[in-house]
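First chain A sits with chain B, and in the next complex the same chain sits with chain C.
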Partner chain A sequence: MKKLWDALKGPIAGVLLSLAVSAALLAFLGESPFVLLEALQSTLFTSFGLGYTLFYATPLIFTGLAVAVCFHCGLFNIGAEGQLYLGSIGIVIIGSLFPNLPGILALVLGISAAFLFGGLWGGLAGLLKAKRGSHEVIVTILLNFVGIALVNYLILYPLRNRTVQNPETLEVTAPYFLPTLSDAFGLFESTPVNLALFLAVLTAVGAFFFLFRTAWGYELRAVGACNRASEFAGISVGRNMMLAMFLGGGLAGMVGVNEVMGHQHKLVEGFSPQYGFTGIAVALLARNHPIGILLSAVLFGALHNSAREIEFLSDKVSKELSLVLQGLIIAFVASHYLFEHTLKRRKKEAA
Partner chain B sequence: MGQEPSRGKLNKAEILQKLTALQNQYGFSLNLEAKIEELAVGHQQQVEILKLLYREANILILDEPTAVLTPQEVDTLFEKMRALWKQGKTIVLITHKLREILRFTDTVTVMRGGRVVETVAAKDLDERSLAEKIVGRKLATLPARHSPPGKESVLQLAGLSVAGKYGKPALDNVSFEIRRGEVVGIAGIEGNGQHELVEVLAGVNRNYSGSAKLLGKEYSEVAAYAAKQKGLSVIPPDRHREAVVLDFSLAENFILGHHREDCYGKRGYLSPKTLMSQADGLMNRFDVRPRNAELPMSALSGGNQQKCVVARELSQTRTDFLLAAHPTRGVDIGAIEFIHQVFLEERDKGAAILLISSELEELLSLSDRILVLYEGRVVGETTPQKTDEAQLGLWMTGASA
Partner chain C sequence: MIELLASSIRLATPLLFASMGGLLCERAGVATICLEGVMLTSAWTAAVVNYYTHNAWLAVTVALWVGALTMGIHAFLTISAKADQIISGVVVNFLAAGITPLLTNAIFGAPTNTPSIPLTDRFHNLEIWGLSAIPGLGKILFSHPPLIYIALLLPFAVHFAVYRTGFGLRLLASGDGPEALRTAGVSPGRVRYAALLIGGALTSLGGTFLSISHTSQFTRDMTAGRGFIALTALIFGKWRPVPTFFACLFFGFADALQIQLQSTKVFGIQFPVQFIQALPYLVTLVVLVGFIGKAIPPLSIGKRLG
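On to the complex of A and B.
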C-alpha cells in the first residue's frame, strides 16, 4: 500500500498543482476559475461526460503503451501518430478485401490488421536503428509525415467513398463493427465509448505481464537498461530493438480498433487530435508503467473532454486551454521526478 | 589549473619556469610541453603530483595511485614520493595493496566499515597480519592443488587475430590452450589486447580470424546464448557496464544470461516466486549483503555486486570454462579471499579457467601457467614457480622474453 502511495503521490501533486495554476490563469483571463471544476465534474461524474472521457482515453491507452514499451527498451518512439494512421487504414483495407466474414473472425482479423500494419510501420524504424544505427527519434518523426501522407493518399484515391463530399473511406461491413457500451450494456447513454476500451485495458495488463513476467520482456528491458551487459548475457540488442519498435507500432495501430471498428466504421482524414503525441505525455506521467497508463490515459482523456466542455461554458477561453493544462501537468510531474532524483543523489553523496 | 599566476592573461613562461624548478628540486623529468594524452599513465600520475607540489601542498593524499601502473612505474612513483618525504612533506597513502603499505609507509591506520580499527607502526606488521586486521578475522590459506590438471583440452586458440582501430591488429596470432582443471593467467598492461580477447571468448565478438574453440566448437558458429548454456561462465571486466544491470533487482540480475532456462517458469514465463527463492539461496551461499533480493543492484557495494556476478556465473548447472577478467577489481579483501576460494573449488571440479588480471599477486597465487600479452601478442609464457613480479613487469612493457 505504501509502495502504491509512493508511486502515486508525485503525479497527484503535479495534477493538483497544475489545476491550481490553470484556475489562476482563468481568473486572470476574466473567467471564473470554477468553470474548470464544473467542466471536470461533468466529464468525470456524469455518465454522458464519463462516456466521452473514456472514449478519448481508449486511444491514449494504446499510444501511451506504444511509447512505454519502446521506452523500456531504451527507445523513444515519437512515431505513434503515423503508426496509428497505418493501423487504422489496415482495418479498412482488410475490411474491403474480406467484407463477408463470419462475425468473430472479422473482429480478430480486423484487430490483427491494425496491430500488424502499425507494427510494420514502427518495425521499419526499429530495422533502421538496428541495422544502420539511424536514430529512432529522427526516423519516427519523419515516418510520421510519410505515414500520414500515405494514408491520406489511400483515403483520397483508392479507398475513397465518392458518394460524399468529406474526405473519408468507404465503410467497413457490419461484421467488423465493435458494439458501443450503450448498445451492448446500456451504459454511458449515447456516447461512442465501445468495447475497444476493454481491449485497451486487457492490452495494458498484457503489456505488464509481457514486460515484467516473461523472458522476452526481460530481454527487452535488459537491452534498455544496459545494452552492453545484455550482449555479454547473449541477448541480441538489435533483435530486441526491432521487437520493441514492432510492438510499439502495433500498439499505436490498435487506435484504429477504437476509431474504425468501434466508432466511425470508416477512416476520416485527420481524425486523430494528436493521440500519438499525447501518448508521450500519458506514458511520462505513468512513468512507463502499463497499469499507471490506464489511470493517466483517463486523466488526459478527461482533460481533452473538459476542454471541449469549457468552450461551451465560456466565451473567454478556447479549448486550447487543455494543451496548457497538459503542458503544466507534465512540467510539474517532470520537475517532481527531477527533484526526487536529485534528493536521492544528494543522500547517496552524503552517505 | 586553479592556481594560474596572473589575472586575465596566462603567463606561460612564468609557470614553466616555476615547474622546471620544482622538477629539479624533486627529481622529476617530465616533458612539460607534452599533452597529457600523449604521456604514459605512469607519467600522468607524476603530473598529478607535480601539480600538487606547484600548489605548495605539504600534505599529499594519494588514493589508489598505483591501480593502473606496472611494477616498474610503481617503483619510480614511490621513489619520487620518498624524495618528497625526505624534504619534509607528509604523505597519506590510501590503497588496498598490502605490499605497498609495508614497503613505503611508517604508520598504518586500518579502517573497516567506516571506522578506524587500529593504528600501528608498519615495521611491526607483515602481509598476513595486516590482511587479518583488515578483514577482522583469521584468513584461510588457499588450498593446495590436489591433483594435476586433466588431459582434456577445453579451450583452444590457434592463430586468433582481431583487427584493431588504427590498422594495427588488436590481437595478433594468439595461440594457447587450457585443459580441464587448469588455471591460465594473462598478465599485461591494460589495452594490450585483453579487451578483445574477452570479447571473443565471451561470444560477444564473432568477427575474428584464426580459430577459437570451446569444447571443440568454433565460437563463431555458436550463438553466445547457447555457449552460456553449454558450460561457459563469464565474469566481464567492467562490472557496472558489462556484468550487471544496475537498475534491475538482485533477483533479476541473478538470471541474466540464463533467463530463458525452463527452471524459472514454463515457456518464457518468469515466476517472481522462483526468482526470489533462487536469489535467497544464492545470497545465503555467497554471503551477499544486505540480504534483500528486491533491492536494485546499484544499492550494493562493489564487493557484494561482484559476489552476485560470481554467484550467478558459477551456480549454473556446470562450468567447463570460466573466463574471469579482473574478478577482484575494486573488491574488499574479504570478498577477494572468498572469490579466490570459489575459483579454486571450480578448478578442482574440473573447470578450465582463464584469469585476466592487473594484480600480479593474484595471477601468481592462482595460476598454473601465466602468459604475458603485449601489443596483442603473447610475448612470454611461464609458471608462478619460475617467475616473479619484476620479471613479469619487464615482459609487460615489451622487453623480450
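On to the complex of A and C.
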C-alpha cells in the first residue's frame, strides 16, 4: 500500500498543481477560475460526459503505450501522430480491398492492418536509428509531416468519397464495424465510446506482461537502461530498438480501430486532435507504466473533453487550454527532483 | 530563377535565427527541441506589439525578451529542476502551442490569427545603396527587409563569439566538459543559463521575422515545424556556425522550390500538392539519414549537471 502511494503521490501533486495554475490562467483570461472544475465534474460524473471522456481516452491509451514502450527501450517516440494516421488509413485500405469478409475475420484483419501500417511507419524510424544512428526524435517528427501528407493525399485522391464535399474516404463495409457501448449494452447514452475501449485495456495488460514478464521485454528494457552493458551481455541493441519502434508505431496505429472501425467508419482529414502528442503526456504522468497509462489516459481524456466543453460555453477560452494543461502536468511531473530535493533539505535542516 | 533564389534567402532566414540560437544552447550542453515553441511565443508577441504600437522595431525588442523568457523556462526546468532536456523541450512546445491561440482568442475573439498589421507599420525592403542595382545578385542579396541582413551576418558573429571570446570558451567547456569548468571555478549552470537566454533571444528573431516581416500577422502554429528543420540544419552543420549557415540556405532553397512547384508543371506533370508540401521535410529527412554520416554532438548534451 505504501509503495502504491509513493508511486502515486508525485503524479497526483503534479495534476493538482497544474489545475491550480490553469485556474489562475482562466482568471487572467477573464473567465471564472472554477469553470474547469465544473467541466471536469460533468465530463467524469455524468453518463454522457463520461462516455465522451472514455471515447477520447481510448486513443490516448494506445498513444500513451506507444510512447511508453519506446521509452522503456530508451527511445523517445514523438511520431505517434503520424503513426496513428498510417494505422487508420491501413484499415480503410484493407477494408476497400476486402469488403465482403465474414464478420470476425474482417475485425481481425482490420485490427492487424492498423497495427501493421502504424508499426511499419514507426519501425522505419527504428531502422534509421539502428542502422544510421539518426536521432529518433528528429526522425519521428519529420516522419509525422511526411506521413500525414501521404495520408491526406490518399484521403483526397485514390480513396476519396466523391459524393460529399468534406475531404474524407469511402466508408468501410459493415463487417468492419465495432459496435458502440450504447448499441451493445445500452451504456453511456448515444456517445461514440465503443468496443475499442476493451481492446485498449487488453492491450495495456498485454503490454505490461510483455515488458515485465517476458524475456523479450526484459531485453528491451535492458537496452533502455544501459545499451553498452546489454551489448556486452549479448543483446542486440539495434534489433531491440527496431522492435520497440515497430511495437510503438503499431500501438499508435491502433487508434484507427477506435476512429475508423468504432466511430466514423471512414477516415476524415485531420481527425486527430493531436492524440499522438498527448500520448507523451499520458505516458510521462504514468511514469511509463502500462496500467498507470489506463488511469492517466482517462484523466487526459477528461481534460480534453472539458476543454472542448469550456470552449463551447465560454467566448474567452478556446480548446487549446488542454495543450497548456498537458504542458503544465508534464513540467511538474518531470521536475519531481526539485520537490524531492527541497523536501529532503528541509528535513535535514529540521533534524 | 532569380526570384527562386531571393525566396530561398527569405525562407532560410527564420531557420538561420533559430539554428544560431539553438547552436548556443546545444554547444553549452542543453538539447533544445523547443526552438519551435520559442519562435511561436515571439512571433505572437511581435505581431501583437506591432499591431498596437505601429512600431516594428519595438516589436522586435519586446519579442527578444519574450523569446529569452520562453527559453528561460527550458533553462529553469533543465538546469534548476534537473528535468530531462527532451521532456522539458516538449513542455515548452506544448505551452507555447497552447498559450498563443488562447491569448489570441482572449484579445481578438478568435484563436486562429491576430489582425493584419497595416502596410505602413511594417518593415520595408532596405535596398543596399549601389549593391541592389547589380543585375541578378542585387535582387537576391541586397533588396530585403532589415532582419534578413541581420540573419545573413549572424552566423559569422556567432562564429566569432564561440571561437574567439572568453564567453565562447566557457560555453564550449560547459558543453564538452562541465566538470573541468567547475574545477576552474566557473559554474556550468550559470554558463548554461546565459547561453540559453541569449540563444532564446536569437531564436525569437526567427519567430518575429515570420509574423511581422515575412507575413503581416500571427497565425496559429505558423512555425509549422521550422524549429525542427533548424535543429536538423544544426546537426547537418555539425554544431558549427558557418556550415550550419549553408545547411539553412539549402533547406530554405528546398522550401522555396516547394512553393514554386505548387504552381508549375514538371515534365508536363502537376504533382499533387500534398507531396510537394512534404518535400522540405522529406529533403531534411534524406539529408539527415543519408549524408550527415556520424554527427558527434557536444559531449555532455542531454546529461544533467551533478
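Here, the second predicted complex is superposed on the first by the 336 of 351 C-alpha atoms of A that agree within 3 Å, B and C clash if a C-alpha of one lies under 4 Å from a C-alpha of the other, contacts with A are read in each partner's own complex, and residues count from 1 in each chain.
The working rule: contacts are C-beta pairs under 8 Å (C-beta built on N, C-alpha and C of every residue); 3 or more make two chains touch, one makes a residue touch a chain.
Remember, predicted model here, so these are calculated numbers, not experimental data.
Taken together through their common chain A, the two structures put chain B and chain C side by side without a clash.
Legend: residue contacts after superposition of the two complexes on their common chain; A:L313 is shown touching neither chain B nor chain C.
Of the two partner chains placed by superposition, only chain C is touched by A:A149; chain B is not. In the superposition on chain A, no contact is made by A:L17 with either chain B or chain C. With both structures placed on the common chain, the touch criterion links A:R228 to chain B but leaves chain C unconnected.
Counting the residues of chain A touched by each of chain B and chain C gives the higher count for C.
In the superposition on chain A, A:Y218 makes contact with chain B only, not with chain C.
After the two structures are overlaid on chain A, the closest C-alpha atoms of chain B and chain C sit 6 Å apart. Looking at the complex, you find that chain B touches chain A at residues 202-204, 223-228, 234, 236, 238, 241-248, 252, 255-257, 259-260, 264, 268-272. Contacts from chain C toward chain A in the complex involve residues 33, 77, 80-84, 86-88, 90-95, 97-99, 101-103, 105-106, 109, 111, 225, 228, 231-232, 235, 272, 274-275, 277-278, 281-282, 284-285, 288-290, 292, 294.
Here chain A touches chain B in the complex through residues 213-216, 218-219, 221-222, 225-226, 228-235, going by the rule given at the top. Across the complex, chain C is touched by residues 25, 29-30, 76, 78, 128, 132-135, 137-139, 141-143, 145-146, 149-150, 152-153, 156-157, 277, 280-281, 284, 315-318, 320-328, 330-331, 334-335, 337-338 of chain A.
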